[in-house]
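Both complexes below contain chain A, partnered by chain B and then by chain C.
Right, the complex of A and B next:
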């Protein structure tokens, strides 16, 4: 069984490991016991909690990094002309 | 929307162009295109869309389909100009093996708590509000632009444009695991850049 090595696995997640596991943790890509260790670590480590919060705030803020942009009038005209041509079967 | 397009509804097409122009430009830039080349790639993407419209089977969202056409345009152009082709050879890239933070941030084997923080992150005051501020937005953009290309593309598609993991790995033809590594590295590097800025 996959559990045969269970006793030899490390039973804690260190801070060095924690910072590498956040995205895997969020995406549900960690095996169950590893997820538990990450959660246990968060209960006892305020610094990793701080790091996680900063990571969260960043991911939340990234859509706002997108500036609204519109096509130039010229580009739009070219595309509309292409659309008419396409519609006409060109 | 799709049936309106196929029926030749020009205003539906104009609306679509307006809606996705910004997203397509950002993704084109993330592939390393400069401003004028990005503009051309986006134009070619719309023309490609028209050519493929009758064959589009809606197995992906319209947005993901557009990004796929854009990626092919960017690739074709890079190949013609004999530049490196985006995502043509994604192996275990050098950037994938590097840790998220300087090793010195953690205690060494001789520390009191090996592999726990030596220099922990300093809390940011109200991080969610802070990062959403206009002042930091520009820094966020710059930090994103400074990422290695593959990380920049993945972070742009996932965190800025909101595609999911499966869509991005299919689009870029990388495994979900690889996609996650690039995403994580990119996010960590952007956080580090902001930390430097905020902590001074």
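Right, the complex of A and C next:
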């Protein structure tokens, strides 16, 4: 769907706006009404659907990208020791 | 608002949620599908079960149209309804690739009418042609996704053509006309359950 069909006076999401919102949409961080507008856009726009699918595939292909990595046991002990030292000093 | 409400839900082929990817439990015979809890079921949106009123049907077109029963506190959104849980009651069989093609064609015709209005050609040049091309793509495809998408795109083009030519009131009128068209398909004598333009509220339970 070409952006030339869009009109800024009606509350429809443009392709350009979708690209800006995709991370928040994917993380579920958009307010409800904004989510509706994004999803309405996805109903009619194959290009943005493809973009979203590629984005999801990219995230899934990056090991550990979706979940924060747990610290190693050694790093955990180092951090705890530093914390205890900081508390003792405080 | 509490109680149960019968509303609409467009789904992908196989009763799959278009955004969640969740495969809804389908009715078996006369029995509705199993209740699905929002946020408590893997793959379902965390904030609840979503459906829409008839007037918002043109915004959510996909391959399958279902009557869905919503239960629990009902929160109306801008263009959809959200509830704690929901279940599929029955599929609206009259929404099919055949009706999707007819709807796409009707919307493409409406876009052409808007462009033909005084001042239309100058402000919406090319839009009606795009709509006619999308309707032709829907007409020439046996893929339900392509026909449904063609219907959604033609509806969008007709609405935005009306907006360009005649303003917001024309946009809203066009979307209302589309909802009426879809409802005349969905609310046929065999569907039985669906109210016109508003989700039908049942007695509170």
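Operating definition for what follows: the second predicted complex is superposed on the first by the 53 of 90 C-alpha atoms of A that agree within 3 Å, B and C clash if a C-alpha of one lies under 4 Å from a C-alpha of the other, contacts with A are read in each partner's own complex, and residues count from 1 in each chain.
We adopt the following convention: a residue touches a chain if its C-beta (ideal position, glycine included) is under 8 Å from a C-beta of that chain, and two chains touch if they have at least 3 such contacts.
All figures in this text were calculated on a predicted structure; none of them were measured in a lab.
Undergrad: May I ask you to decide whether A:24 touches chain B, chain C, both, or neither, giving the answer as first, second, both or neither?
TA: first
Undergrad: Can A:78 be said to touch chain B (first), chain C (second), both, or neither?
TA: After superposition on chain A, A:78 lies in contact with chain B alone.
Undergrad: Tell me the contact category for A:58 with respect to chain B and chain C: first, second, both or neither.
TA: A:58: touches chain B, not chain C.
Undergrad: Have a look at where A:32 lands relative to chain B and chain C in the superposition and call it first, second, both or neither.
TA: Touch partner of A:32: chain C, not chain B.
Undergrad: Who contacts more of chain A, chain B or chain C?
TA: B
Undergrad: Should A:50 be classified as contacting the first partner (chain B), the second (chain C), both, or neither?
TA: In the superposition, A:50 contacts chain B only.
Undergrad: Could you say whether A:87 touches chain B, chain C, both of them, or neither, answering first, second, both or neither?
TA: The answer is first: A:87 touches chain B but not chain C.
Undergrad: Scan A:40 for contacts with chain B and chain C and give back first, second, both or neither.
TA: second
Undergrad: Give the list of chain A residues in touch with chain B in this complex.
TA: Going through chain A, the ones touching chain B are 14-17, 19-20, 22-24, 27, 29, 45, 47-48, 50-51, 53-72, 75-76, 78-80, 82-84, 86-87.
Undergrad: Please name which positions on chain B make contact with chain A in the complex.
TA: Listed in rising order, the residues are 8, 10, 13-14, 17-18, 21-23, 25-26, 39, 42-43, 46-47, 50-51, 53, 99-101, 106, 114-117, 120-124, 127-128, 130-132, 136-137, 140-141, 144, 155, 159-162, 165, 176-177, 180, 183-184, 187-188, 190-191, 194-195.
Undergrad: For a test of understanding, state which residues of chain A touch chain C in their complex under the given definition.
TA: Interface residues on the chain A side: 1-2, 4-7, 9-10, 12, 28, 32-33, 36-37, 39-40, 42-44, 46.
Undergrad: Mind listing the chain C positions that touch chain A in their complex?
TA: Result: residues 18-19, 46-47, 59-62, 77-80, 82, 126-127, 130, 149, 152-153, 156-157, 160, 163-164, 168, 171 of chain C touch chain A.
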